[in-house]
Structures are given as structure tokens and as C-alpha cells.
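Data first, discussion second: the structure below is written as C-alpha cells.
Labels run A, B, C, D and E following the written order; every chain starts at residue 1.
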Amino acid sequence: MSRTVILRILTGLAAVAAAFAVPFYLDGFWLQAGLFAMSAAVGAIGLNLLTGATGQLSLGHAFFLAVGAYAYVYFGSEPEGELGGLGLPTPAAAVLAVLAAGVAGGLLSPIGGRLKGQYLGIATLALIFFGQHVLFNATPVTGGYNGRAVPPLELFGFAFADSPGLVVLRVPFGALERLWFLGLAVLAGAALFARGVLRGRPGRAMNTIRDHEIAAGVMGVPVARYRAGVFLLSSMYAGLAGVLLALAFQRTVPEYFGMLLSLDYLAMIVIGGLGSVAGAVAGAVFVSLLPQLLTRYSDALPLVSDPGTGGLSPAEAARLLYGVAVVAVVLFLPGGLAGLASRTRAAGRRWFSPGSARRRFSPSSPETTSPESTSPETT
Amino acid sequence: MTGTYQPDGTAPPVLEVRDVTVRFAGLTALDGVGFTVEPGSVHALIGPNGAGKSTCFNVLSGVYRATSGSVRFGDAELTGLPPHRVAALGIARTFQNIALSPHLSVRDNLMLGRHRLTRAGFVAAGLRLPSARGEAARHSGRVAEIAAFAGLADLLDCPVGLLPYGVRKRVELARALCVEPRLLLLDEPVAGMNGGERRDMAGLIVAVRESLGISILLVEHDMGMVMRLADTVTVLDFGRRIATGPPERVQDDPEVVRAYLGAAARDSAGDAARGTAREAARETGRDRPRDGATGTAPGVASGGESA
Amino acid sequence: MNVHAPGSPGATGDSGLTVRDLVVGYGPVAALRGISLRVPRGAVVAVLGGNGAGKSTLLRAISGTLRFHRGGIASGDVTFDGERISGVEPSGVVARGVVQVPEGRRIFARMTVEENLRAGALGVRDRGANARARERVLGLFPILAERSRQRAGLMSGGEQQMLAIGRALMAAPRLLLLDEPTLGLAPIMAARIAETIQEINAQGTSVLLVEQNVATALALASHAYVLEVGEVALSGAARDLAGDDEVRRRYLGIDPDADGGTSAPGTPDAPGTPDVPAERRTLTRWSA
Amino acid sequence: ASEKATGGAAPSAAGGDGVTTGPGVTADTITVGVMTDMTGPYASFGKTLTQAQQLYFEQLNAAGGVCGRKVELVVRDHGYDPQKAVTAYTEIAPKSAAIAHFIGSPMVMALKSRIETDKLLTIPMAWSTNLLGARAVQVTGTTYDIDMINGVDFLVKEKGLAAGDKIGHLYFEGDYGESALNGSVYAAKKLGLTVVEQKIKPTDQDMSAQVAAFKAAGVKAVLVSVGPRQAASLVGVALAKGMDVPFLGSNSAYSPQLLATPAAPALLKDFYVATGGAPISAPLPAMRKLVSEYQAKYPGEALDSGVSAGYPAAAIVGEALKKACEAKDLTREGILTAHRARGAWDGGYGTTMDFSLIDRPATRATYIVKPDKEAVGGAVIYKEAAVSGLAEEYPVPVG
Amino acid sequence: MITFLELLVNGISVGAVYALIALGFVVIFKATEVVNFAHASLLLAGGYVIARLHEVLGFWLALLAGIATAALVGALVEFLVIRRANVAVRSVLAIVTIGVDIVLTTELTRRIGTEVLALGDPWRDRVLRVGEVSIAETRLVALAVAAALITAFLLAFKYTAWGVRMRAAAEDAETAALMGVRLGRVSLSAWAVAGALAAVAALFLCVFPTPGLDRGTGLAAMKAFPAAILGGLDSTTGALAGGLIVGLTEALMNGYQNQLAFLGRGVGDVAPFVVMLAVLLVRPAGLFGTREPARV
């Protein structure tokens, strides 16, 4: 027991050390891809609270990312030409952006509170199309099809941008290097918070709403309000992810916040493992890094052919792999990557691990052999 | 928060159900039903299948909205309150078909019962504020007590999905107790249990009443149990109240016999009521519908009588 | 045990149901450890036992629905009228006339009562038989006729139980597997079910009856098997068993030499209500 | 510590030849990046573009390369996904001396400021005005709005439109459509026409409703700044519904593949394309040569606008490198200077271009092209490249 | 006025096509309680086969081949994926179908490349004129076919054993099995049928007034989502109603774009979704959808 704890601590420390070392050794490609992965991870954690823990499907996640990203830009940049802006200090803009996403979620939470499962999923599809429409048409705020330049974040006079130049340990620290650490911090914070929520009082309520709505109500959980609340929380996560994304992009691109993005997020949490924070992160990294890697190392890979020479191109290979991954995980890895991890960890140990750990399992996990999870009378 | 009951020593208030009617598309599940649950008493609600017992529970716990009528708990009006507000008043229930979270451990299922008594919201829990931590510690202490009381002490970390049926039933009761209720609604607590578990559950219910002095409203088809545990019995049939009063009187009521017990049942249940000692009590406690079966199944009667 | 098991394989011809040394496991959990029993054609045979004894598992093994519970037959086999039905798809088992009423009320909540009954008759081709079956069912449970348009999920617990049995009868089975048919039924209704079982049997359907309600079961059955944690602890003629002290004490809960109660296997020892030692069963009030 | 810890690639005098070099240039190779789309909506365009450019640089290397260095192409397929585009750019920018083509104006827009600070000569394969105004970004040929202005002018001069008439404009959401709209609206105002707008999304397929609307408005001609499929649907429906007016498309509104669809007759009837780049079938010696060489290298492959656009673009980059070489300065700054120094570049592929203009298109001359079953590339010149008076004085919006 | 009629007719005729697609969703949902995100790729598959074969086999044979292939693909998806994924929450299965869709669509678009493939239908671009108003023959046929198929399925689900089997299996597989339902067969048939429907829908989606099948065709299936759900995911009637509503909203919004310019141009694509949201807020299970029975 204690040995496993020590082991986990050590691995954790190793991971942290590695994460910190990255900017000193790896080039821009890795940092850029890494940043996208981090922002994806934050968003995925949020979606997992909604879909994994509370059993609410959402295809509208991309919309809230857009809200976050654009709100940050609008709050943070000075008005210029027909483009509006509040010119607030960027940290304030970032916070407000997350809140804005929250507000958006709040406004829509009646939907999140009223609709269930797959119905909510499709309903939220509307947000995507609505969002795109606004992004393209509300030019003064969004910059329309052009998108807008993202003002670099500036914390206590330290700018997360290429200039003013900065060299750390003889490594030139540009925007990417600096953002990397910001990303790490944000991700860590987001993950810890979500974990706290899941393992605490709200987590129990959410899980029970997923498993037996009426029972939750009778035990004192205000079901509709909780659904709405989780919807709001997950949209704030998306908003945060959006801010991070904007900073990584350095420009907002309306096309990006489309349905494919939302689908990607669902894929992330399934691959990672429904309901688990670590899983969401793993899934996000997998989904967002895979295509990048295949594109970069296309030349080296046997199955994929060079662009332009016909045959399976890297991009196609990436999409195929990732589609297959989604299917394969559900078929062969109940609980996703996270499930795999915890199974391997639990392999030696006794079958019943602490309930707090147990709660992370999604209803698709192996121990759902009880009639409750299958018979319509009770679920 | 208004209308929230924080547990204290005081005795529970009276529950007054006044001609409650519930209509569903096409049928009247409850038709002007009324009864009163005296503080600290065990009140049984019996009646043939489909009589409206569970519907009544659903009205009391806010799951259904009564078409008309009123339900007063002390000076609070329950009709029209959403379930969580009802719970906030200190009313807890169990379900006829088990309604637990199969993937959560027993502990977590019980902790859910503490929901109304705890405060930690998303922020507090997310940031693990001291308030949230302290709260959790305090309440998991109490949860452990209740678990021990219900004989679940060593199952706390076991996912409910892996437990046998009978044990799950006890988890449900424990979860309801975790609400620290003043009124406990039990919907067929021993259905589908075998002898040992029936007795165990019966024991639990008695113990609850003795040590907490709360009111209990009980739906059960096990006449033996009803006879033994209940102070008052209300009988429903097709949504109407056909009888109410102390068990002995009710079970001799011809209406009740016709609608519910069936001819032969009376005697044996009668024995139980007249308290031909623990024998009959345990016997009926163990093997319930025997009472019903005796009417039809020769050879069993003897088996029963010889007790 | 001393009582001779009449249904031990080979004892009689292979008409009816025969279970040979059946071993069933749910993943690591072994639920049945080498069970053998027989249901001769036209007989009513009862299977008794405490919670978790393996009764439902046995029925699942016969009807071929173990896989829905991530369980499987490790060894042994099941034959019906000489045909091997272990390893056969559930639909195949039904086609051979073996129909199970599952534990709990597994009615189709979203369908109407009427449609539930039709679902029951899916296996049956012959319209005439179909109509007769329906008549019988509606005769037994008039409520089902009254509610034919109602969404089954909205019926009361007991009504659902009736529907479940009625639905199974629609298949005009040759062997009916009943898993706790009187669960949650009002006494009068439980009696009705008991009658029904006798009636069905009288009309030539063999019945394998799983019951917690030992008295009823022994009254209805000709033979009975008592399971204990996955093994046949006792078996014999119902009458003998009903008379058998062992059975009376452990399963009928009738206690010749009245001492402290014993509890069923697997459940923590809990004394009967009247003699609750106060210190063992108290809970202090809680105040915030 | 790491090879990263070098303090960046400062310009350094390399080897004996005294040529100053920058990122992407080593002693024996010059790396040129290509940011293309071979799996997204512009897959076929991207494919032929890339192949045409590969052809050019092979020939260039065969002819001795630049400054005795071989030119290497690094191709990255972003599949029209901004995230991949940005990452791919981050990867190849540090090791490239120029970008021979970059598909997808959203992506170029996303990276415009970075390209500018990187001083990385980039040829976008998109022609909206908001790509103008950056020294490092060279839009070749005309912009969509110019095409539309010349197009409207053509309609008035040759298709009998008159002041007071209405013209419809069907356009895509996004910079392509809306930049084209700027042109049509400007021209309409000058010529006393009114524009009836219909904006659609690339996912829309069926133009019936739009036709109905145009019909109701009684338009005398329709401008088409959408994708080939929508264009096909539009003209098809219009013809079927007896709406007999001329159609004039932007250069991205037509693809020869449409001639295989039921829309072919409608397209061949009264449909024109306004484009700054000469069609592959243009009777120019250089273009003829290109066609034969391309067919020799890629036998049986489609010859579409990708070839006629890609090869010249490669040539522009290649010759910029050569001039920079002559100036013994292969730093990015050097390459840019060399490129922007060319006031009148004519590679023999059509109109002459002025690269010294940073916030204006390199030319304002537009061809009017007509679909044609027989011709290579499925289109022939209908009216030689010309600059209308309107286009001449048109103040191009920038950025 | 004429315009209005014209748009009305347009809307209805487009709606018919959406209804056909929506019907596919409904069939799967009734059989497996899953929103089938892979429907778009089934559509693409069917259309692709028709397009590739009509020159060789002639249109009608090609159509049959297309239907058969799509049905086969559907069946394969069921057999290889759905059947093997035993998950408790349906949402997860829905996400699995997303994975399936990604795989199929990627492969198909790779084959289609950037071509625009004609389906060689007999109606070509003929239109029927009633006074000023005109409607494409293809759309008339679509309307007829949609109506026919939808009534057929309506009856099938309600009255045939197949329908009862399907719904029983969807609701409680184990119990259905105990009723003698061959689960594998039922859901297999459902997916095959859905595939066939997808092929039919693909036909009408890719013929005049649209130029033909191309990589983007699948996206059009997205428009059927609001149709399917605002009608009620488990209701065939809903599919028809939803399809028509979406079609009309879209057509009118596009047709009157100029009058509605203040909403921002291109609002026609958003409107159906807004309508959907409005409906769902009032009726969370759609217009004709059945609500979960709430009962404890």
C-alpha cells in the first residue's frame, strides 16, 4: 500500500520534471502541439464532468470554447477600426472570458437542465451552428471571417509573447516556451479542481443523477439545478480551454469552432475513460497529438505515403487511426485509458479499492453487472 | 435556506394526509385518501397491488404532484414541493425497486443521504476548502455509525452493484437514515427477502423506531410483519381508503379480508397479532405469503399450523 | 444428505428437463458448483434456498441467458427431452418450449400491456393457440385486459408481476421456469398465482419453481431441491422435505426446539425482533 | 544543454562563396516549404499545385539549382485544419527560406502576423484582399473583388446589362465570398446597378431557394462566388426553371469535373469565369511547354487550375531566390528584398505582375474564361485579360 | 406570393429528403436506442456505389446495388461493433458510432477524392410546372417515396412481429431473448434496413437540384438531425414532420434572406436548429417522441 503511494508520488514528480524540461529541449512544433493538447485537456475535463459523471451528452462544447476565446480577445484588445474591444488588462480579460463562457452556459442551462442524455446531445448541436453564424456575422466583436489577433497575456509585466526577447539557460524563450508553463499551471489547476468536485459532495450528486434521477431528488438533490450547474461548470472549463487555445493560436479562426471540434472532444473523453479526470487528459493528448505526429513524421511512416503521391496520406491515416481508436477503446478497454491504468494498478491489489477511486468508473466499467444498470424499471 | 430541518432532539411533527387525489391519464390512482401518522408511531399502509400505496409515497416524497388534497407535515404543506424540498424537511424514503448507484461504493451511496445536511458546493469541493473537508470528515463519521447500525460496517467500500439483493435493501434503508429523517417512508422493505433477512430487517426497523423515535410509514405485503410492527394500519383499495385503525381491528374487517387478505389468511395472521409469541412472529417474518397460500395449498396449512 | 434425490440423472428416462453436474461462474465468482436435477414431464419441481444460493443462476443457465450477466457454464450440461439445450441461444431454448419468467419484473416499460403480451407470444406461430393463451391470461389477470392500452412501466409493482407471468404464459410453454413469482404480491394475489401454477401444471405444463416462500413451494411441488451456496444441499419429495426437521428449521423457519433464530447463509447473524439485545441495535440521535 | 540552446539561427556567412545565409539555407541546400491541403476540401487543387511546383523545382535543380545549392521542398498537408496548419508552420518555418504555396486563407490569416515577423516569403493560394498589406505575403494575380469588377464591366459591355438592372450575387460566407462581394457592390454602385445578395455556407448543396429568390427579384445576371458544386446547382436549377440569364463566376467557382455532371449543359450555355490567372489552355508558349512537361511527368493526371497557378508561383519563388543569390544574400530579408524589387514580372504565364506593391494586388487584369469540353483544363479564354476603368480606379480595401 | 408558393414547394420537397434521412435515425434508435452518427457515412456509401455503377449496370440495377451495399455496411457495423460493445449507457454507443463514422467517411472521401459524381438518375433535371410554380421531378418522387416508406415503417413498428421484436430488444435485451427474440438478428436487420434507407436518401440527396455526390454529401445528413429529434427520435411520424419543418424553415429563411438581412445573412442554416431548440424546450422528447415513463 504505502509502497504504491511512494511509487505514485515518484512517478508524479518525474512527470512534473519532464514537463518542465520540455521547453528546454524540444522545438516549436512540440510546444505548439503540446499547447493545443493542454487546452484540449482542460476542455475535455469539463466535458467529462457533464457527460462522464452526470450522463449528459453535449455536442455544443466547441461553442463554449469559441465564447471563451473570443471573449478574451474582445475584452483584452483595444478597439481598432470597426473592431470593438475593451482594452482591459489581459489577466482580467482572461478571467472575464471564462466567466462569459459560464454566463453563456448559464443562459443555456435551461436546456441543460431540461433535456436528458442523447436528446441534449443533439440539441446542443444547435449551439455549434448558432455560434458559427454569430462568429461570421457579428464582425465588430468577432472580426467576422477574418478572425482577430489575440493580445498576448501579460502577467505582472511579464508578457507571454516573443518580444521582449528572453533567454533562459541559453534557450531563447519565445511565446511558445512561456505559454508552455502557463498551460501546465492552468491544466494542473483545472484537473485538481475537477477531481475535488468529483470526489466531493457534488460528484456524488452528479453520479446519482446519472444512475437514478428520482432517487437523487428524493435524497435531497435539486436535480434540475444540479444539471444546470454542471452544464455551467463544464462550459466554464470550455471557456478556459478557449482562452488557452486563443493564446496558442495567437489569432482566432472562426472555422475552427465547428462540429468536428465538438466530436473530437467526445472522442477524447471516451478514449480517455468516461468520468475520469486523468482519462480526459490522456484522451485529449491522444486525440490532439496523433494527427500532428503522423503529419510530421509522415515521411518516416511505412503505411502512409508522401502527400501528393496518392495512397493513404498522413492526415487520412490519422483520422482512420483515431476513428478506430474510439471504437476499439469501447470494445476492448471498458473505462478507457484511465480504466486500463487503474486496472493494471489494481492488478495486484485487492478487488475493492476505496470508493472515492471507484466513483471514477463510468457505467460502462466492468462491475456494472447489477440489474440496476440494465433494467429500465430502475434506471 | 428556509424550510430546512436541522436534526435536534425534538419529537417529529404529525403527518396529516387530507383527501389526496391523484389522477393519471385515464385512471385514478388515489381517490380522496386521508390518514394521520402520529409522531413516533409506525403506520402501515396496505392494500392489494395497484391500490395506490407507492403512489401515495410518491406524493409524500414530492415525486408526483397530487391532483387535489393536502399533505401537512407539522406546519409545512408538502403538496407541490419538489422532492429535494421535501427531503429538506426531514422526510426520507426507500424504493420498491432498489434505486441505488451500482457503481458507487456503499459509503458514497450513504454519503448521498447526507446531501441535504451538507453544504459543500462546486467551488468548496473543487478547491477542497477546509469547510468542505471538515464537513466531509464529520459526516462520514456519522455514516460509519449508521452503516454499523445497519450491519454494513465492513461493506462500506464495496460497490453496491456487487452486493446480493437482501444487502442492497439494507443499504437503501441506511441511506434513508443518513438523511436524519423525522419521517421514514418504507416501500416494501422485505419484499423478495428470505427468512433471515426478513427478521433482520424487521429488527432494524424496530431498532430505528426505538432509538430515534421517528415516525415510520410502512408499505408491506408481509402481514405478519405489519401486524407485529404497526401501531395503526390504513388499508387502500383501488385508491380508496377502505379501513384504518389498530391492526387487530383492521384485519378482522370483512372489506379488508375480501379485498386483500383472502379468506384463510385471517386466522394465521390473527395468531400473529394475538401474539402467539415470537414463534409466529418469526415464522411469518420468515416466510411471508404463506398466509395467502394457506388458503389454497393443502398440506401447507398443516405445516403452518403445527407451529 | 440422507434424502434420496429422485431426479438424479439416469434414474428415469430422459423426457423432461435434466441438469447434469452443472458448474456456473460469473467471472471469478463460482455461483453453481456441480448441480444435478430433473424435472420429469408434467411435474412441478421447486428449487429453494437463501439469497445468493444460486437459484436464479440455475434458471439463467437453463434458459441460456447467463451471458447477459457476464456469466457462463464452466462444465456440465442441460438437456430437455433428450435434446442438449445448454449452449443453445435463448431463442432456441424458447423454441423448444422452455420459457422463463425472470426475477424481478422485467416487463417492457415503454410498451403497452397489450404489446407486452404480444411480445410474449412472439415464439408462437399458431394463431389459435395464441388466442387461447390470451384468453387464459386475461382470465387469470383481468386487470391486464382493463389496462391493455396503458404503458406497462406505469403499472404498480404487483401489476407488473402479473403482466410478467401472463406474458410468459402467452408462449404456451411446455416447461415454465418461474423465478420468485409471488415477489411483492398481496397475499390474495400470491394465492391466485399459486392456483394459477397448479392450473397451468394441470393443463400439462411442467414447472420449475424458484421460491423464497418455501411453504407455498413445497405445497405446489412434487419434488424439491434445496440449494446452498451453489450446491444441492437437500432434495427429495416435497412431502418428505416439508416433514423433514432440518428443512423445517432452516428453511421454513419453524423451530421445533425453540432457540435463538438462525439466519440464512451469507447474511450476518441477526436475532429475531422480539429479543433484540438493546446494545447491539441502537443508533444515537444525531445533531449538527 | 540541448541543440536548442544555440540562441537561434543568426545570419552567418557560409562557406567559401561568401553568400550570407539565413534559416532554411545551408551550404548545399535551400529548403522551401509548402503548406497545402490534400485531404480537405481543396484536395485536388492542392495535389496538382504541389505536383506542378515539384516539377518546377526539379527542373530548377536539374539546371544547377540556386547558388550551387539544391532546392528541397518540404510538403505539409494541413487538410484545411487551422490547428494543424499552425503547428505545421511552427515546425517548418524555422527551416524554410520561403513558402512556395499556402492553401487556405483562414490559415494564412491566422499566421499572417507571424509570417510577417518571420519575414518568410509566402505565396498564398487565395485571392482575398485581406491577405494584402504584408511585405512577406505575395498574393499573385488579381484579387476576387477586382475579378468581380471586371466581370460586371464585362456583363454590361457584352451582355447588355444597363443602369437600373438588378444583378444577383451568390457568395460564400467567408473572405472569398465577401471580398468578391465588395467588388460587385462597388461596380454596381458605379454603374447604377443594384446587387441582390444571397449568402450561403459551403455545406449548402441545393440552390433552389436561392434561384427562387433571384427569380423573384428579377435579376438580369448572377455573379457566383461559391464552390463548383453550388455553382453547378445554381445554373442547373436556373436553366430548369427557365431563368435565362448569364452567370459569371469567380476563379474558384468552376471546376472541369462539373462537365461530367448533369449540370454540364447549363454550364456550357451561358456561364463565364473571371480570373486573373490564365487558364491552362491559354495559347502561350510557356503554358504549352508546361502542359507537355506536366503530362510527361504525371501522365493521365488532370490538368486543372492547380497547374496553371502552382507552377508560376513556384517560378516566382525560384526567381526571387536566384536574384537574392546574385545579391549574395540568401537571408530571408535578402530574399524578400529581391522579390519585392521586381516591378514588372512576366514569366510568360499570362499577365505581368508588379511585386513592389505591398497593399495592392500585383495586377488588375482579368481574363474572362468559358467552360469547354474539349480544351485541356475544361476551359478556354473567352476574352483576353483586360483592366476595366472601374478596376483601375478601384480603391482596394486592405487587411 | 408566387415566390412564397415556390419556396413552400421547395421547402416541402427538401423536407421530404430530410425526412428520409431522419427515418434512418429513427429506425436505429427504435432498435438500439442509439443516435447513429454513422448514418452520414452509410449515406455516402450507398450514394458512392450508385454513382460508380450506374454507367455499368444502368441506373436501376445500380440503385439496387447501392441499397444492398449500404445495407451490408450497416449490417457489418452492427455485427463488428455495436453487437460487441456491451455498454450500459447509450450515449457511449452513440459516441462509438461517431468513431465508425470517422473511419467510413475518411475511407469514402478518400475514394471520392474531389470528384463530383453523377448518379445517372432517369429524372435528370426535369421540372414540373404548375402555373408559375415549378418543382423538380426528383423531388416529387422523393416526396412520394418518403411518404410511402414512412407509412410503411409506421405500420411495421406498430403491428408486425418485427416491430414488436425490435422494440422489445431495444428496451430489455435479456427479457426479449427470453421471449424467443433472436437479438442478433433483430438489431442486424435494423441496421441493414437503416443502411438501405440511407442509400435511398443518398439518391435523392445527390440528384438534381444538387450536381451530384461528393465528399461533402455526408454533411447534409447533419441537417436531418434536427429533423429527427424535433419530430421525436423514436417516432416515424416525427421523422416526416421534422423533415418537413426543417425543410420549410430553411427554404423560407433562405428565400427571404434579403428581408431578413438584419438577422445576419445565411441565417437559413441556423434557423432549423433554433426551431429545434424551441420545440425541445417545450417538449423535451420532441413533437411525437415518447417520454420515459417516470415511475418508482
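To be clear about the criterion, a contact is a pair of C-beta atoms (placed from the backbone, for glycine too) under 8 Å apart; a residue touches a chain by one contact, two chains touch by 3 or more.
It should be emphasised that the depicted structure is a prediction, and the values quoted were computed from it without experimental measurement.
Novice: Going only between touching chains, how few steps reach subunit C from subunit B?
Specialist: Counted as steps through touching chains, the separation is 1.
Novice: Common contacts of subunit A and subunit C?
Specialist: Under the touch definition, subunit A and subunit C have B, E as mutual neighbours.
Novice: Specify the chain most distant from subunit A by Cα centroid.
Specialist: Max centre-to-centre separation from subunit A belongs to C.
Novice: How far is the middle of subunit A from the middle of subunit D, if each middle is the mean of its Cα atoms, in Å?
Specialist: 36
Novice: At what distance in angstrom does the C-alpha mean of subunit D lie from that of subunit C?
Specialist: Taking the mean C-alpha position of each chain, the two centres sit 77 Å apart.
Novice: Which residue numbers or ranges of subunit A touch two or more of the other chains?
Specialist: Answer for subunit A, listing residues that touch two or more other chains: 136, 210, 214-215, 316, 319, 362-363, 368-369, 373-377.
Novice: Mind pulling the residue numbers of subunit E that touch at least two other chains?
Specialist: In subunit E, residues 110, 171-172, 174, 222, 265-266, 269, 292, 294-296 touch at least two other chains, as defined above.
Novice: Show the residues in subunit D shared as contacts by 2 or more other chains, in ascending order.
Specialist: Counting only residues that touch two or more other chains, subunit D contributes 39, 173.
Novice: Considering the complex alone, what residue numbers of subunit B touch subunit A?
Specialist: 61-63, 82-84, 86-88, 92-93, 95, 97-108, 111-116, 118, 120-122, 124-128, 132, 135-136, 156-162, 175, 179
Novice: Can you list the subunit A residues touching subunit D in their complex?
Specialist: So the residues of subunit A touching subunit D come out as 24-29, 31-33, 36, 136, 144-147, 149, 162, 167, 169-172, 176, 248-251, 253-256, 288, 291-292, 295-296, 298, 306-308, 313-316, 319.
Novice: Touching subunit C in the complex: which residues of subunit E?
Specialist: Within the complex, subunit E touches subunit C at residues 161, 164-165, 167-168, 171-183, 290, 292-293, 295.
Novice: For subunit E, which residues are in contact with subunit A within the complex?
Specialist: Contacts found on subunit E: 34-35, 37, 81, 84-85, 87-96, 98-103, 106-107, 110, 171-172, 174, 222, 225-226, 228-229, 233, 264-267, 269-270, 273-274, 276-277, 280-281, 284-286, 292, 294-296.
Novice: Show which residues of subunit E lie in contact with subunit D when the two form their complex.
Specialist: Result: residues 2-3, 6-7, 10-11, 13-14, 110, 113-118, 124-127, 134, 136, 205, 207-212, 214-217, 219-220, 222, 250-251, 254-258, 261, 265-266, 268-269 of subunit E touch subunit D.
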